[in-house]
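For reference, the structure is listed below as structure tokens.
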Amino acid sequence: MTALDVLTRVSAQADTEPLIRWIWITDHVDEIVSRGLQHVYLTVVAVVIGFLIAFPAAVLASRHRWAVSPITSISGVLYTIPAFAFIFLLLPITGLSLTTVAIPLIAYTLLILFRNTLSGLDSVDPDVKEAALGMGLSRRQLLWRVEVPLATPVIVAGLRIATVSSIALITIAALIGRGGFGQFILDGLDTFFWTPLIVGVVLSVALAFLADILLLGLQRLMTPWAKAAGVRAVAT
Amino acid sequence: MNGLLEGLQWLVDPANWSGVDGVPARVWEHVQLSLISLAIATLIAVPLGLWIGHTRRGQFWTVQLANLGRSIPSLAILSIAFLLVVKLAPANHQELAFGFLPTIVALTLLGIPVILINTYVGVQQVDPDSVEAARGMGMSGGQVLWRLEVPLAMPLIMTGLRLAAVQIVATAGLAALIAGGGLGRYIVDGFALRENDRIVAGAILIAVLSLLTDAVFSLLAKATAPRLTSSGRASAPARIDVARGEVTPPT
Amino acid sequence: MISLEHVEKRYPGTTSSAVGDLTLEVDEGETVALVGPSGCGKTTTLKMINRLIEPTGGRIVLDGTNVLDQDPVQLRRGIGYVIQHTGLLPHRTIRQNIATVPHLVGWDDSRVDGRIDELLEIFDLDRELLGRYPAELSGGQRQRVGVARALAVDPPVMLMDEPFAAVDPIVRGRLQDQFLEIQERLGKTIVFVTHDVDEAIKLSDRMAILNIGGVLEQFAPPEAVLREPANDFVREFVGAERGLKRLALIEVGDIEVEDGPIVAPSATADEARRTIEAGGFGWVSVVDGGELLGWVDHDALEGCATAGEATARPFSAYVTARDSLRQALDSIVTSRTAVAVVVTEGQHYRGILTLERISKEIVA
């Protein structure tokens, strides 16, 4: 029997499989919830740690411009390494663990959050900064009372992008069994069983959508003075 | 560190550079998949983006599409492409569902939003005063587009192409999951055969290829960027570092 | 009050200094304008006073203390600073903006509120603006808030960098007038930078005309600069029509006004005719116990027994003691009677001004 015959026989089965078997969903609620939690956990870790690194880096770079180029280059390289490859590069070092997923995710969010935070800080009207300094605000007061509040829309826009991208990226980690909803997608693909595949796709997109809306609401809450229409985030 | 060394050792072993599963063959498969997908995505997204940016119509939906593209996992796109081909392919040609075709479809779909939005923004951000002046001089819509908007939009268009290319090269690795070729084969096969050195080698190759792609497109972008100063160097305006109270004169 | 002694600002890597060697003294309660062409270092000099730009040489002494010996942040809290585009904090309400420095220096809320009430009154600002954000105010309102904010802790000194340049000419004129009124009331020591020499002439007690590199070409009251420009540079910078500009600085009330030909309504027509001849203008004013009724000429007196019976025509324009000689000149040039009629606020007759009388003020 040739490889082609095997494939053909297997795929004949694939063709007849219906798109959704609802039974499967009700049978697997527990797993859906635990995968969901894993997905959310990884997202939070990636974005929070990424932000904890990127924010001070951006503040530093806004004051000392020489730092912009090296930081952008390093995070740019990390960002360009495909998560898929990055995970497997780390595998021998950190093994089959959440860390192996978290590190590439953080590398990815770093660039987005650094560039957006820096861009936000840079976009503060220089007249406002000059007047604030002229009035006698110290540099620390200038940063926290003027620059950061005014940069908030752009920073939150960066958080939105980083969050949504992370949620999508986590699915790749299904290859080492830690992909949140992505696990269902991979299972479906491997076994030609469509139900988990569709469930995985729908849930990860829904999660991304939900996160985006929540962060957008957060942004609106934090900027009562912004009546003007939307803030454009830095294209990454 | 051991693992990385193993991977490097695998790479320097000449046995792995020949035959249908050798490095050159797989790299070529990977490049083929990526280039074809990028080309198709470009052919679809660039004209569309130019039109949207030039006429300023459909901007809202474009932005929504870009956001959507960002939130759908590449694994999902690949799986759905696979699913679609399985369902749509005629019964005696089920082998179409494996490897090449769905991967191309998925990678193309992946690249379109990025290219589209960057192209559209690139055209749209051209100084409206320049556009108005050009129209006032008597240039037709098409002339305004090709002589003014496109050259000035090139940097952003190239950014879109670069980002799409890197994303496509990265995701092409997943083709192996549906029995496709390319560098992902090393990872998937290595996993099945429990050959760690093969896995790491595959990961290294994909990472290097992605970085190379980024570098190549960056160079291309520099080459196609419009000249805005006679010295050829980008000029910087005067800067005031109020915190230190220093004014840097413009270059 | 402010003493600049051989102040220098040189940027590293440049061959010439932004400000070479500037010595200048500003007295307490005085308004000094720094004017000059681009590159003369006027803004640089201003910003060295509150150390937004650090001098590379010389001393700046503010109220007895060298500013370089003080902590810059504390220094700035004691100086009012107003810039061209106000720099109002867009994410804070007007009240919060004004209260910025008072809170920085530790005032309690009731003291801040009291001060805000005072400022609203001084700057004629509507109370309901306090809760709004800067984006919701007009340009003129923003400028006034900017100045009010600078004076929140009642600092003795205020620095202003092109404060009225960002608004249209009509609003600018009004803001300038308000500035003069407020300054007369408060008596602050003010240094302001402007590229508009006419604004400097209008607002300053003394103007410092700077040339490229911070070279001080002349430092004198506007009237003196217009009368005797120190050199060709100043002459050219001040511009043409210096005579007219000087006239703008002198008020009608500052000079003696002639009586001019007048008769009471009860005077006979013959008396009126004789007064017309004596006056030499061809007409006579009819004044009833101080109140000006108008003017009559020979034609009007035709067939009348008294001056009062003739139909008195109103003068086309009047000037008061607060108007400038330039406005009086305009009145002379545009009226049939060829004089400027001076009246009090309540239309009571004071006298007339002729062309000869006015040019006497200007010609040395």
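Labels for the chains are A, B and C, by order of writing; each one numbers its residues from 1.
Simple rule for what comes next: a residue touches a chain if its C-beta (ideal position, glycine included) is under 8 Å from a C-beta of that chain, and two chains touch if they have at least 3 such contacts.
Owing to the predicted nature of the structure, the values given are computational and were not obtained by experimental measurement.
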Shortest path length from subunit A to subunit B (each step joins two touching chains): 1
Chain centroid nearest the full-protein CA centroid: A
Subunit A and subunit B, separation of their C-alpha mean positions in angstrom: 19
Interchain centroid distance [CA atoms averaged], subunit B/subunit C, Å: 63
Inter-centroid spacing, subunit C versus subunit A (mean Cα positions, whole Å): 59
Where subunit B touches two or more other chains at once, by residue number: 242
Multi-chain contact sites of subunit A, meaning residues that touch two or more partners: 129-130, 133
Of all residues in subunit C, the ones touching two or more other chains: 52
Of subunit B, residues touching subunit A in the complex: 1-4, 6-7, 67, 70-76, 78-80, 82-83, 86-87, 91, 94-95, 97-98, 117-118, 121, 156, 159, 163, 166, 169-171, 173-174, 177-179, 184, 187, 191, 196, 199-200, 202-204, 206-207, 210-211, 214, 240, 242-243
In the complex with subunit A, residue positions of subunit C that touch it: 50, 52, 73-78, 81, 83-92, 100-101, 104, 133, 135, 146, 149-150, 159
Residues of subunit A touching subunit B in the complex: 4, 7-8, 11-12, 14-15, 63, 77, 80-89, 91-93, 126, 129-130, 133, 139, 142, 161, 164-165, 167-172, 174-175, 179, 182, 185-186, 188-190, 192, 194, 197, 200-201, 204-205, 208-209, 212, 235-236
For the subunit A and subunit C complex, residues of the former touching the latter: 125, 127-138, 141, 146, 149-150, 223, 225, 227-228
